[in-house]
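In the two assemblies presented below, subunit A is common to both, partnered first by subunit B and then by subunit C.
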Partner chain A sequence: MSHAPQADFSSKNTQLGPASFAARNAAVLGVIAILAGVYLGKSGAFNTDTRTFWKMYLVAFLFGLTICLGGLFFVIIQFLTRAGWSVAVRRPAEALASNLKWIWLLFMPILWMFFDGTAGMLFPWADLATMEANDPSMAHLVAKKAAYLNANFFIIRAVAYFAIWALLAWFFTSNSTKQDQDGAMHRTLSMQKWSGPAAILFALSISFAAVDWVMSLSPAWFSTMFGVYFFCGCVTGGYASLALITVRLKRHGLLQGIVSGEHLQDLGKLLFAFGMVFWAYIGFSQYMLIWYANLPEETGWFLTRQVGGWLPVTLILLFGHFVLPFVAMISRWPKRYGVSLAVGAAWMLCMHWIDVYWLVMPEIPNDIGTFATYDDLVATYGTQANGLDNPLNYILTVGVALLVFAGTAAYLRGRSLVPTRDPRLHESLSFENA
Partner chain B sequence: MSTATHAHSQAASSAPRPVYGLIAEFENPGDLMHAAEKVRDAGFTWWDCCTPFPVHGLDKAMGVKRTILPVLVFFAGASGTAAAFALQTFTNSFSFSTWAVVKVTGYPYLISGKPMMSLPAFIPVMFELTILFSALSCVGLMFLFNGLPRLFHPLLQNNRFRRATNDRFFVVIEARDPKFLRGKTEAFLRTLGATAVEAVED
Partner chain C sequence: MSTLSAHSSLDRDPDDNTVEIPGTRAPLVLHLETFAEVTSTVCRVAEARRAPMAWYVAFALSLSLLGFLGFCVTYLIFTGVGVWGLNNPVMWAFDITNFVFWVGIGHAGTLISAILFLFRQKWRTGINRFAEAMTIFAVICAGLFPGVHVGRVWFAYWLFPIPNQMDMWPQFRSPLLWDVFAVSTYFTVSLVFWYVGMVPDLATLRDRAKGKIQQIAYGLFALGWRGSNRHWHRYERAYLILAALSTPLVLSVHSVVSFDFATSQLPGWHTTIFPPYFVAGAIFSGFAMVLTLAVPARELFGLKDLITLRHLDNMNKVILATGCMVGYAYSMEFFVAWYSGAPFEKFAFVNRAFGQYWWAYWIMVSCNVITPQLFWFKSIRTSIPLMFILSIIVNVGMWFERFVIIVTSLANDFLPSSWDQFTPTWVDIGTMFGAFGLFFTLFLLFCRFLPMIAMAEVKAVMPAADPHHKQSHDHGRAH
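Right, the complex of A and B next:
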């Protein structure tokens, strides 16, 4: 029996108050941090060479981007499945997605590299001549991919991804916001109608973006699972952030009687399912196929991540992204209470950053395929550092995170924290886990 | 046929059949919910609610404790993982030729040059057996805890109770409840707003 809830929808409960000093200046601080990071990186501070710097920048950018894409995915899926339970927690997800309207600005420095001819610094396929000199056999392989991996097509694709994401984010956020005013049913219907094509566009765009921006960093390597792996990262980051924001708003004394432990439990379930179980599932699927087939051009990618400083990072991911949180969050209660859910979500957010770092940073040595045994490889590359001690990583990541935070907070401040006139709001308020 | 039944019931009527319990009929889930809260607070233990569809929140109104089924399923799943690991390790790489009376060997089969003990290759089977053990134990223990399968139940003799699968909501208090007193419990159920209260024979 659902008790008809009499929730308080006054602005006291559903509206963020004026921003504190720190929140007001988060965007400014973020820009300062990024500019400082770029200046330090370009000038070679902390012994950072230019390629490493650009990869660090890419890690920071992808960390912010994946969180926002996760928010967009949440919104699309709720309309696709006509979900009732999630209406009360949909606004924070919209807020994350709304950042996709400006996040392309952060990609401009990387795109600019294609115009001033330094793109080969980050994407080896963009400078085949240098690759030819260093590693002719690899250059031979990569040259065959030139129909896809070339500067013009890369730029066109990047513009297309950002256009798709900005369009989708604009469509869902603006319709949802306008419904607060007019309560029009046709907005829900049209969001439901377009959520199907939106989901297809989303899946295709993030898969290709993963190939372009992450997989092509090691252009000779390929994995058909990679798009799914990247998607899993988006959902981990997005759902962890969504849970954190929701708990934070509740601790702030907002959304009382609107967002209940039932909603938190479901956010926790989603984070558990996608961030831990699904991640381990597809991560292992990708690993096992490559491990079993044992083809030299594929195994190098994993082998690099199993020696030297990268081995502990791989193990941290295995245990920190899957085993420990799996055991910690499998029960019902850690998902239902704000504190435990927030700790789990913050932990997963850190793991997601390490995951992105682990994807982007390692360099596959040219001679990786020439070692007779694993021990020979360890003897040569066992001292490779993982670079996690370079403060530049954190300066850049904090910069991007502050910008995403500022964008999210600005969206939430601009409207009610719940879609007050969504036709399914009542269903969401009386929702109980069976 | 009918005479035989009649004769049987007359023979039985000399010694009155024991009462299984009392059923109280309610017209809507709201009334049932309030009644359930009162029965719970009155301290009954052997009682239940029967409804045509799942009523959310009824378990709370009845004071039903959470089941330990998930915990048991977790350990069943973990034993599935362990069983799969043991099975594959044994078949792939173990042999008891020195100590065994009869020589026991697994089935060592070299696949693509991998070591006999290759954990990555074992994981899919470990995963599948975890799922299998969890699912089977979940369904099996659910049957066990609910006393299923059960082909007969005293309540099924009652004509009024048939509407529990259609449009009526019932509270059933069994006679074996320590607080059960035929007359007193019947009066109590009537105070809860039941539209009818009937005794059901065992």
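Right, the complex of A and C next:
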């Protein structure tokens, strides 16, 4: 039925050459950047207090983590839906996912805080005594959540999340890689079979990770939608990175005649649908419902994000994460050409970082419930800075990004860039968008 | 690769297309080799002089239920909304439950025809036509309830912002008004989508029609379709654009319906996950209803080669997936109700599970979350009787979901002194079943007189549509 063009699967077209100097040393540079960031942060450089520093570290970590989770989700969903089109671009997604096998290392400093008793620095619920002193009513409320928000259970859950992600990443990447050698059909069948349970584990683990690592930073606040919002971040970061890597490999002169404009267009569509539209839908629904009901226990979280220096950040997200890219990417051609898709994807990756920053950094003031009017609040907190000018943010983020890049490149270097013996490869080579 | 697929195509049982060996795609049409066979299989139903006996029995039943609906609604209009079991605080009960239930049912059609189209799911061609028809009839049923719930039905047009000399406008800030827009837009676009997709098939019926009346009727609605290249080209473009326009509507309608509840401050209603949760639930119930209709329809009208076991298997998977999403939402709501630390939230959810309506809650959980898990087993996904029973269980469960959300939150709100219990009257129950009469009457008429399956689209996914079809038969399967 299919009439695939004879594609070139020789190593010249499907293998990354020897690493360049920069690529070889990306991991080293990444570690240096992170260590430098930690040193500078701990020593209070750029007027950074310890809590702000740890939050910056968390932003950098979550930025890297969500990209890898997005890659994992892409792989799972391809097997769940038995997709044929995506085989040619699946390897880079696997490469992103493969980082989940080691990314837990970057979380160790945060876990360590629970052992040396400084966790309250980042997670206020971990130090109820201090909270009691600052804000007794809040402490009273948060104490009710102790069955969930306590150090031991937090650590156990974190270990479980990382174990689930590493296991899923290992299962899909190793089966896919081994299929390059043995071409065994049963590997595809078993990945299909386990993709259902994998999707469920994925959904539950990222939802509760979002509660633990982001929502509980403001321990009084809650939103049932939060896990879904976090998921939108994962797919934005993951799909944008996937598009970037694919375009980059093509520009390298690789995957010629294998990855075509059809694949780029589909990657662009996914980024458009999930990274822009679905993100906006979830973000709008969450905001609108909280704004409309106007319950003080919920509105503080958003109020903080719309006064002072945070208002421009919120507006950047509204326009930069949705409105502008929506207009720019809706047509067919920007998704089909490498340059335009790469620009769009790089833009979305930046927006995703700002989104994570916007989720993690703002501090809900203790006295936010005491203002009689909105104007009073603005008068007091209207000068709050957003801290985006602190270079530490970028040192840490670049460090994590370099490590993720190094892990991804190492994975891609170790095997063919295409699952050459995937039974559905011919479908991926011959499909066309309508 | 080529040896594998050649091997698998030899091994395949020609009657079972639920097995798919990676690398080859299972056929979506069984036994029918040529386009002409597809045309005659589908048109046969509309062209037969008499429908099967079962059709007349079902039609008589539906028509009597519809009559009863007419009676209940007339009685309601002439007497007042008091004939329902509503009270203060339970001012919404069966009426809005039915409304949300039917809007939800109406989601599968557009999902299948728009979103699955964009996702290039070719199997949708076998079921999209009657799923879309079902959507339209379900939205008609849904529209009935708010219409009669307003009390003074003769003022129902006030729901729309019509310029008037009194300068009176609906409350634009109310989600109930957004509902009017969302549902009417959805109805309009679904209707246009359904009709545009049907034009080539109507032309087929026109060309085959023997009687004058049929020729004129089908001819009128076929809009002069001649099947020229230019017609097809424009048709395909229009279809793609309509699919893209319908896609956000699939999400928006039920999101707006969920806003009716979630914008309030009522515990159990005000929760941010409502929009995607309602959408997932709507797709869940919509697919269940498609299944409930497809299983008997394919038997009755001899469409088993076009709506194959593979189609049913796929729908069961969608039901399983959306059922899990609904289960996720239930759990997240429960978790956050506890996590919020808000005593009212906590009470609302504990009260749902263990309060006066505990039975409704557990019907909901067992029908929507627990029993659909049986669909993990392929033997159940491919068993016609079991999937039919399970689809009805899902329908029941989703009706109860809306009942649980609406009634439990209203009956026990913040102030215990104003609590009350809702008990349905015979008019409530009659209207609920009567709406099924309206739905099935319309659906049976559709089955009898319109092309139940999108012939033109099904033909496009058959091997015969591939220009290399003959060659690949000659040389084996060349990849």
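Please note the rule applied: the second predicted complex is superposed on the first by the 431 of 434 C-alpha atoms of A that agree within 3 Å, B and C clash if a C-alpha of one lies under 4 Å from a C-alpha of the other, contacts with A are read in each partner's own complex, and residues count from 1 in each chain.
Just so it is clear, a residue touches a chain if its C-beta (ideal position, glycine included) is under 8 Å from a C-beta of that chain, and two chains touch if they have at least 3 such contacts.
Just so you know, these numbers come straight off a predicted model, no measurement behind them.
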item	value
Fit-or-clash call for subunit B and subunit C when the two complexes are aligned on subunit A	clash
Partner chain(s) touched by A:T188 [first = subunit B, second = subunit C, both, neither]	second
Partner chain(s) touched by A:L425 [first = subunit B, second = subunit C, both, neither]	second
First (subunit B), second (subunit C), both or neither touched by A:I200	second
Partner chain in contact with A:C350 - subunit B first, subunit C second, else both or neither	neither
Touched partner set for A:K145, first subunit B, second subunit C, both or neither	second
Which of subunit B and subunit C A:Y292 touches, first, second, both or neither	both
Residue contacts on subunit A - larger count, subunit B or subunit C	C
Part of subunit B, among the options 2-10, 56-64, 74-82 or 146-154, whose backbone runs into subunit C after overlay	146-154
Doubly contacted residues of subunit A, that is, touched by subunit B and again by subunit C	1-3, 288, 292-294, 434
Of subunit B, residues touching subunit A in the complex	29-30, 33, 54-58, 70, 74, 112-114, 120-121, 123-124
Touching residues on subunit A, where the partner in the complex is subunit C	1-4, 81-82, 84-85, 141-142, 144-145, 148, 185, 188-189, 192, 196, 200, 203-204, 207, 211, 220, 222-228, 277, 281-282, 285-286, 288-290, 292-295, 297, 421-427, 431, 434
Complex contacts: residues of subunit A adjacent to subunit B	1-3, 284, 287-288, 291-294, 330-332, 432, 434
Residues of subunit C that touch subunit A when the two form their complex	1, 4-5, 20-23, 25, 119-120, 236, 240, 248, 251, 255, 259, 262-265, 270-276, 324, 328-329, 332-333, 336, 339-342, 376, 463, 466, 468-469, 472, 477, 479
